[in-house]
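What follows is a pair of complexes built around chain A, which joins chain B in one and chain C in the other.
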Partner chain A sequence: MKIKKNIALSDTGFVFNPSTGDSFSVNPIGLEILRKLKDNEPHEKIKKHLLDSYSTDADSVEKDFYDFTKMLEQLQLTEADAK
Partner chain B sequence: MPSKKVTVAVTGLNNVDSPGPGIPVIRGLLDSKEYDVRIIGLSYDALEPGIYMHELVAKTYQIPLPSAGIASIMERLKHINSVEKIDVIIPNFDAELYNFIKMAPVLEKELGIKSFLPTMEQFEERHKANLSDFGEKYGIKVPKSKMIFSTAEIASLTKDFTYPLVVKGKFYDASVAYSPEQAAQYFNKISAKWGLPIIIQQFTYGTEVNVTALGDGNGNTIGAVPMRKQVITDKGKAWAGITLEDEELLNITRKLIRNSKWRGPCELEMIKTNDGEYFLIEINPRTPAWIYLAVGAGQNHPEALLKMALGEKVKPFEHYDIGKMFIRYSYDMICDLKEFETISTLGEL
Partner chain C sequence: MSSVSPCDIYIMKKLQYERPLIQRLNTGLMNKFGMRTEYAPVSHIDDVSVKKLLADFGSPLFVISEKTIRNTYKEVNRAFKTRYPKVQFAWSYKTNYINAVCNVFHQEGSWGEVVSGFEYQKAIQNGVPGNKVIFNGPDKTDEDLTAAIKNNSPIHIDHLDELYRLTELAEELKARPNVAIRVNMDTGIYPIWDRFGFNYENGQAWDAINKIILADKLELIGLHCHIGTFMLSPSAYGIAAGKMSDLALGIKRKFKRDIQYIDMGGGFASKNTLKGSYLQGADSNPNFDQFAEAITTAILNAGFGKDELPLLILETGRALIDEAGFLLGTVISNKRLSDGRRATIMDFGVNIMFTSFWYDHKISPAQEFSNYTEDCVLYGPLCMNIDVIRENVTLPPLKKDDQVVVHNVGAYNMTQWMQFISLRPAVVMIDIQSKPHLIRKRETLSSIESSEVMPEYLAKFKL
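On to the complex of A and B.
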C-alpha cells in the first residue's frame, strides 16, 4: 500500500488531499505512521517500530495498524492499485 | 498604480444566498494591476445588494428584464451610455445572455461598447436540453437527459431512466427525485418559476466538482481553475470551496474549449464517480459566483476577460494555487431609505 504522492502532511498532523479537497487531522502516532508509509517503509518494519516505541502488545499493533491503513484506503489517500 | 482608465458595466449585483456573479467579477476587475476600472452596475431589482456597495460600484442603473425584449434594453443602454461612456459590458446571467449576444455587434458598432461573449451557436448547443448532443459532439461524457413538457410524460420515463433522476429547470434549479410522485412535484415547482421545458437527467453517483474557465474563441484555454464545494446551501450553492489538483479535469476542460472554440467565460459542472470517471452535468456560459476564488488562487479571469473584450492579446495562465479556499459570509449593510427611494423611482443610484 502506498500513500498518494501529492498528499500533504503537516507537522501539526493536518492531512490534505489536493485531488479531492478533503482534509483530516491525525494524532502524533498517526502522523508518524503516515510519514513512514509515505516513505515506503515496509509495513512489518513500521509495526515493529510501534511495538518497540510504545507500551503496547503485538496483537493490538496488528489490529490498529490494519484498521488505520484500511481507513486510509477508504479516504482515498492511497494509490488506486494499493494492496 | 493601474494607469489605463476603463468603464465597465456589470450585471448580476444580486449578492444574495443564491448569488449572481456580478460582485465577485467586479472585485476581480478592481484588483487589476493594469486597469483603473470604473464600475457601472446594471440591476433588475431595487434590492440587489450590489447597488448599495458604493466602494465597488460607482453608479447603478436599473435595466429592463430580459423578457422586455432587445429594443427596450437597447434603448436603456443608449441612455446609460450617453451619460457613462461604457467601454465594456459584462453580462452575468444565463437568462440575459441571449439578448446580449444578439445585441453585441450593434452595441459595439453604434455605442462603442465591447464585450467578449460565447457565440449564439455555442450558447444554444450547451443548453441543458441539448447537453447530450453537446457531449457527443465534443467527446465528453454526459448523463442521459430528456426534455419533457408535461407531468403526463413522467410515467413513461422508466423506459429510459432509473430513479433517482434529476429534475431541472431550463435556466436554474434542480432537484433529485426518487419517485414519479416526487418528479411530478418538482416538475410543477420548477416549471412555475422558470417555465418549460423541464429537463430530466439520469442521476450520477459521485462527487460534484466544478471548473471555471475562460476560452479565447480560437480553441485556447486562457485560464481554468477546478473547485470542490465544501459547504452547500439548501439551494445547492457553494458557501465554501477549495481549489483542487486535478489534471484529468483540466484536460477535459481544455479539450472541450479546444473542440468547441469556446469564447468567453464558462463554468463546467461535473460529477466525478468513485471509479474516477467524469460526467458533465451542466455548462454555464458565464462566470460562476465563486469566480473570486480563481482570482485569489492566482488567475484573475475577470481582468483577462476585460482585456480580451478590449481586443488585447492575453497569455494563458499557467498556474493556480492548490488548496486555496473561499468561505462566503453574510453581512448586513445599513442603507438609507433615500437611496432605496432613488433607485426605485428614478432607476439609478
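On to the complex of A and C.
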C-alpha cells in the first residue's frame, strides 16, 4: 500500500487530504508510521523499527499495524490500487 | 548500590508504546460544552490500588466505598434534618441488599425498607428490629404478612385485596397490625406512576382510609407514596408532599386521628447520566438540598400544629449508594466494526451491569495514557448483540489487559445482576481505613448447580 502523494502531514500530527478536504489527527506513533509509509519503507521494516524502539511485543505491533493501515485505507488516504 | 545490566539500559531506552491512532476531525458536531473525554486515569479507589484489587480478587470486580456511603448519608441527613425536625431514613433493600452494605446504613441509623418476603427476612436477619422494617411491595404472601404482623412491622398496603386479606389475618391472629396505605397521584410528572397503591385524585385513597378506620381492625399509622424513579424535578416531590399532608390533615379533621408518619418513598436521581441527556448528570441532576427543600417546605406549610408534625420517612436508595459503587474490569480485545468504529470488548457485560441500559456510565482508564483518544463502542463479553456497555465513548487507546473503572454502579446492579452466560463477580468493600474486605464471593459453578436437581434417568448418557 502507498500513501497518496498529496497527503500533508504536520509535525504535530495533523493530517490533511487536499483531494477531499478531510482532516485527521494522529498520535505520535501513528505519525511516525505514516511518515515511513509515505517514504515507501517496506512494512516489515517499519514493524521492526517499532519493535526495536518501543516497549511492546511482536504480536501487538503486527495487530496494531494491520489495524492502522486498514484505517488508512478506509479513510481514503492510500492509493486506490494499493492492495 | 544496585548494578544495572546492559539489558536494563536497553529496556530503559525503549519508548512507551501506544497503539497508533488516526481520527477524522469533524466540525459542527460538538455541543457548546465539547465532547467529554475520559482520559484522567483512576488508579486508586479510597487509596487502594485498582491493579492490586483486581490481582487479589479477580476481574471483573465490584468495589464499594464505605467512606462514600457514610459521607453521602451524612449529606442527605444534613439536608433534611436542618429543615425538618423529625426525619427517618429507611434503607431500600432492593437497591443493594448485600448485607455488609445494608449494615453500613443501619449503623448510620437507617431503618429497613423491603418489598418482598425474601428482603424482609434479610432485614430481620441483619438485626433490624421488626417495627423498623417497612414492608412495601405489591406481593406479600400470607406467610410474609403473618411474620410482619407478629414483628409489628409497618405494612404498606398496595391494593384492596391485600387490605382485605390483612384484615382477615389480623382477626385470625387476634392482632392489630400497623399499616399505611400507598398513595399514587398526579405530581406533574408523566406518565403518572399510578400502579402502586391507591389514587389520590379519584378518591381511591380516601376509600381505603375509610375502610381501614371504619373496620377498626388495622392501625393506620402512616401514608406512603413512591412517585417515580430517577426524578429530575424536585417540585414533583413538593406537590406529592402537599397532597400527602392534605390527606393526613383530612384524617385528623374527619376521624380525630394523627397520622404518625408520611413516607415519601425514594426516587431521588443519582449523579449518573441518563441516556440521551444533553448534560452530564453530575452537573445537572438535583442535589439533596433541592429535594429536601421541596418536601419539607410543603409539609411545614400544610397546616400541621407545632406538635402534630408527622415523622418524615425517606426510602432513598439509588442516590445514597450509586456513587459508592465501582466496577473494575479488564479489556479482552479490540476490533474494528464494519464502519471503521473501534470496538473494545470488556470482561464485564450487561448481565452484571444492568444499569448500562439506562445510563451512559462514566468509564475511566485505570492506567496512564497520553491525551490522544478514540471514539469507540464498549461491548461486554456475552455472546449476545445486546451486550453493549457504551454505544459511544471517547477513551484512550486501550489494549488487551488494560483495566478500567466504571463509576456510579452501586445501585441496582448488585441486585439485578444475573449469571447469564458468565457468573457473578466478587464484591469488595473498602473500609474507612482503606482496607478491602470481601463481602460477596465470586460465584462458581457449584453456586448455580447447587439448586439444580438431576432426574436419575438423565444422569448418564453415551455419545
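Methods note: the second predicted complex is superposed on the first by the 83 of 83 C-alpha atoms of A that agree within 3 Å, B and C clash if a C-alpha of one lies under 4 Å from a C-alpha of the other, contacts with A are read in each partner's own complex, and residues count from 1 in each chain.
The rule is simple: a contact is a pair of C-beta atoms (placed from the backbone, for glycine too) under 8 Å apart; a residue touches a chain by one contact, two chains touch by 3 or more.
Just so it is clear, the structure is predicted and the values come from calculations on it, not from any experiment.
Bringing the complexes onto one copy of chain A puts chain B beside chain C with no clash. With both structures placed on the common chain, the touch criterion links A:48 to neither chain B nor chain C.
Of the two partner chains placed by superposition, only chain B is touched by A:6; chain C is not. Ranked by how many residues of chain A each touches, chain B and chain C are led by C. In the superposition on chain A, contact is made by A:20 with chain B only, not with chain C. Of the two partner chains placed by the overlay, neither chain B nor chain C lies in contact with A:35. By the touch criterion defined above, A:65 reaches chain C but does not reach chain B.
Measuring only between alpha carbons, the smallest separation of chain B from chain C in this overlay is 6 Å. Residue overlap on chain A between the chain B contacts of one complex and the chain C contacts of the other is empty.
Touching chain A in their complex are the following residues of chain B: 207, 227-228, 230, 241-246, 276, 322-323. In the complex of the two chains, the chain A residues touching chain B come out as 6, 8, 16, 18-21, 80.
In the complex of the two chains, the chain C residues touching chain A come out as 11, 14-25, 334, 336, 340, 370, 372, 397, 399. For chain A in complex with chain C, the residues that touch the partner chain are 15, 22-30, 33-34, 50, 53-56, 60, 64-65, 67-68, 70-72, 74-75.
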